[in-house]
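Both complexes below contain subunit A, partnered by subunit B and then by subunit C.
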Partner chain A sequence: MCTVVPISLTVGANRIVPTVAIPHPLGNPALTKEEEKDIRRKLLNKALNALSTEVSEQTVFE
Partner chain B sequence: MEKLRAVHYINQFFAQIGGEEKADHKPEAREGFVGPGMAFNAEFSGKAEIVGTVICGDSYFNENLEMATKEVLAMIKSFKPDLVIAGPAFNAGRYGMACGTVASAVKKELGIPAITGMYIENPGADSFKKEVYIIETKNSAAGMRDAVKAMVPFALKLAAGEKIGASAEEGYIPNGIRVNFFEKKRGSERAVEMLLAKLSGKPFTTEFPMPDFDRVEPNPAVKDVSKATIALVTSGGIVPKGNPDHIESSSASKYGKYDIDGIFDLTDATYETAHGGYDPVYANQDADRVLPVDILREFEKEGKIGKLHRYYYTTTGNGTAVASAKAFAEKIGKELAADGVDAVILTST
Partner chain C sequence: MKLELGNIIIHDIQFGNVSKVEKGIIYINKDELGALLSEDENIKSVSFEIARPGERIRILPVKDVIEPRIKVSGRGGIFPGMMAKVDTVGTGRTNVLKGAAVVTAGKIVGFQEGIIDMSGPGAEYTPFSKLNNLVVICEPVPGLAQHAHEKAVRLAGLKAAAYLGNLGKDIDADEVEIFETPSLKEGILKYPELPRVAYVQMLQTQGLLHDTYVYGVDMKQSLTTILYPTELMDGAVVSGNCVSACDKNTTYHHLNNPVVRDLYAKHGKELNFTGVIITNENVYLADKERSSDWSAKLAELLGVDGVIISQEGFGNPDTDLIMNCKKIEAKGIKTVIITDEYAGRDGASQSLADADASADAVVTGGNANMLIKLPPMEKVIGHIEAADVIAGGFDGSLKSDGSIEVELQVITGATNELGFNRLSAR
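Here is the complex of A and B:
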C-alpha cells in the first residue's frame, strides 16, 4: 500500500494498492476521525481483495 | 625501464587441455604464455612479458577452494612476478570465481598488483568487484581482443603505481569507491543536454544510475482471507514512542520488531514515526494513518481476517540502501514464514 505507485512498480511490488498521501497513506487529517477510519477500512478491504486475487504480473488495484 | 614480469592465470579450457571433462585438472605451472597469453604478451609490446602461466581446472579450483588457492599462489610466487593477470573469465561463473579469488589473494597475500576481467553478470564480478579491479568484458570469448586491449594498459598503469581514475574512465566494474574530478560543464548545462537528448530519442548517459531491482514471481492468492494470519510491515518508520531501538531517521541499518498483542489503537501517547523523509506530524498524531492496526483489529473481530500477526516489523525507507532492505526482507520473510503468517500488508510512505 503506497502513494507513489511508480516507485512500487520500479522496486517490483506485485500487488499494489494506491493510498491517500505520502505522510498519511491510510488517513486524512482534513477529515473527522470517523471519516478517516472509513477511508482506512475501504483501503484495507482493497488490500484484502488484492491478496485474494490471482495475478500473473505487477497489478495496481485502483 | 626493465621489462615487468607478468604471470597469467587461466583455466583448463583456455589452456586447451579440455572442456568440462577436464574441469578437475589440478594446478599446473608452465613457463611463458599459453593460449590467450599470446595476445596479452603482444599487447604488452615490450613493456612486460608473461614469464609464466598457472592453469587450474574450474571445478578443481572451486571444489578445493582453500587448497587450490594456496597451490596456485605458490606457483605464481615462484615466477617472482611484478604483475598478475587472471582470465578474463567473460561469463563463465566458476572461472570468474576462480579469477576473482586468485587476483584478490595475489593482491592481499603477495602484495603484487593483480587484475582480472569479466562480464558484468558473472557471479565473480559481484563477489570480487570491491577487492580487485575487474575490467568489464563481453559475455563470451569473442570479446577477447577488446578485453586484452582494455586490460593491458590498465594493468601496466596499476603496476607502475599510477593514479587510477574513475570506473567510467578506466573501464573497470564500479567498486563502490567514489573518485572526485572536475567536469568541464556545470551541472545545469549537462542536465539540459541530457534532457534534450532524451526528448529527441538520442542516447545519453545518466550520472545517477538507479540500482538494479530484482523481480519476483507473484505469490498465489490467499485462498481464504477469513482464515488467514496477516502481518503488518512498514517502511514508514512507525515505532513505539521514544524509538527504543534507535532506528535511524534515514539510511536505516536496522529494522524493529514490536509486539502488538492487546493493542487495538495506536495513539500519540504510545506510537510515533522515526522516519526523517516526510512530515511526521500526521503519523505522530495517529500512527494508524501509516500502520493500520485499529481497522485490522476491527476486521479480526468481525472475522473478516483470521488474525493480525502478533508482531509488526518496521524500518525507515528513505535513503536506505537496496542491499540493506534486501537483507532485512530476507530475515523478516523467514521469521514470518516460520510463524505461519499467510500474507503481509506492507505500507510505505
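Here is the complex of A and C:
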C-alpha cells in the first residue's frame, strides 16, 4: 500500500494498492473520523483482496 | 523584462546608534529593529548576534538565510505578496547588500533545520560561512502551534532583510549587473539560430512546514506556471520550509539562483534563455501527475530545445523530478536534471528513490548521508541541544566536548540542488 505508485513500480513490488497521500496514506485530516474510518476499511479490504489474487506481473489494484 | 542589480559590497556588520550603510559596513540599531520584529504577537522575544567569516561560531538551528535587497526603481517591492504589496517585480533597479545576510534561528520550528559554522571544516560545506550574517534569534510565545511559529519566524526574517535592504536605497553601487529577457517573439527574431532553453524549477510544497510561496501564494495550491527570471531576483519566490537543510533552497538561494545566472551568462551567445517554469512537489499522486504534465506542456508551448530541471529536497520529490524529466523528454526536448544523493553513509546505495532511462544527464550536489565531524566552537548562537534531533543528527551526535558528529544533511546549503555550492561528482 503506497501513495507514490511509480516508486513502487520502480522498486519491483508485485501487488500495489494506491493510497491517499504521502503524509496520511490511510486517512485524510480534512474529513471526519467516521469518513476516515470508512476510507481505511475500504483500502484494507482492497489490500486483502489483492493479497488473495494471483498475479503474473506487477499489478496496480486501482 | 529588464532588471539592473546594483551590488553594494559589504565587508562587515556592526551594531550602532543609527542604522545605516557606510563605506561597506552595515550599522544596525538593534532596539529599532527589535521593536519592529516584536510587533508580531506570536514572538515572545527577539535578539541579534553578528557572525562573520572566520569566527569560531556555530549557528543552529538555522531556518532561513535571506539577502537584503531594495527596489530603487521599477514596479513593486522586494518579496511581493509577502512584505510588499502584490505587483509584478523584475524590472527597473534593485540594490543588493552583497556579502551580507539575515539568518533566522531560535527555538527549533521543525526537525529538518540546519547548522552554519563560520570557521573550521563545517564552514567549507556551507556558502553562508563566507557572509557577514545578522542572526535573528526569535523565541515564540509559549504554546504557539508549529505552523504559526514557522510563519512568525519566516516573516521576521523577511522583515529584517527588508529593513537592512532599505538602508542601501540611496547608496552608490560598487558594480551593476544587467539581466534582460525579451518576449518570446522578440527572442525568436533576435536569436533565430540559437537553441532555446528553459529552466524548470521545482519548489518544495509538501506541506506540514515544507512550503514555498510565490507572490504570497502557497505554491502547493498553484498549478505549474511561468516567471521571468528577473522576478526571482526581486523575491517573487520565498522559502517557508524546514525541509532538510542541505538541499532546501533558502530565500537567499532563490534570489541568487545560479542556474538563472549561468543561463543569463550564455544568453544571446550560446543559447536563448526563454524563461523559468516553476512547478511544485505535492504529496498526492494526482498532483504530481498534473504538475509534471503542465511542466511538459509549458516547455512545449515555449518551443524550447532543452530544459534544465532542478529539484528541491529528496525522497518522494525524486518522483516529481523523474516525472518532469520523462514527460519533457517525451516531447522531444532534451533535459538535464540537478539533484543530490542519499546513497548511504558509504555512498553505495541507490542515490534516488525513482529512476528512468530518459534521465541520462544528471548533475549531483553530493551525498547528504556522508558522516562529518564538527569540532567544538567558542560560541554557539541558538540551541546546541538541537544537534541530537535535527535531520542528519542522531541521539549522541552532540559530544560532551561540544563537538558534533552528523550526516552532511544538517549543514545549510551543503548539497544544494541549484548547484549553489562546490560539492559534486564525475
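The working rule: the second predicted complex is superposed on the first by the 62 of 62 C-alpha atoms of A that agree within 3 Å, B and C clash if a C-alpha of one lies under 4 Å from a C-alpha of the other, contacts with A are read in each partner's own complex, and residues count from 1 in each chain.
Note that contacts are C-beta pairs under 8 Å (C-beta built on N, C-alpha and C of every residue); 3 or more make two chains touch, one makes a residue touch a chain.
Model, not experiment: these values are computed from the prediction.
Enquirer: Once chain A of both complexes is superposed, is A:18 in touch with subunit B (first), subunit C (second), both, or neither?
Expert: second
Enquirer: Which partner does A:51 reach: the first (subunit B), the second (subunit C), both, or neither?
Expert: first
Enquirer: Between subunit B and subunit C, point out the one touching more subunit A residues.
Expert: B
Enquirer: Looking at the overlay, does A:3 come into contact with subunit B only (first), subunit C only (second), both, or neither?
Expert: In the superposition, A:3 contacts both subunit B and subunit C.
Enquirer: Taking the superposition on A as described, I'd like to know which of subunit B and subunit C A:27 touches: first, second, both or neither.
Expert: Once the two structures are laid over each other on A, A:27 reaches subunit B alone.
Enquirer: For subunit A, which residues lie in the overlap of the subunit B contacts and the subunit C contacts?
Expert: 3, 7, 10, 22-23
Enquirer: Note which residues of subunit B are touching subunit A in the complex, please.
Expert: Its residues touching subunit A are 210, 213-225, 228, 230, 236, 278-283, 285-286, 288-290, 292, 294-296, 298-299, 304-305, 343, 345-349.
Enquirer: What part of subunit A is in contact with subunit B in the complex they form?
Expert: That would be residues 1-3, 7-8, 10-15, 19, 22-27, 29, 36-37, 40-41, 43-44, 47-48, 51-59 of subunit A.
Enquirer: Inside the complex, what are the residues of subunit A that reach subunit C?
Expert: 3-7, 10, 18, 20-23
Enquirer: Name, in rising order, each residue of subunit C that touches subunit A in their complex.
Expert: The touching residues are 206-208, 283-285, 288, 316, 318-319, 322-323, 353-355.
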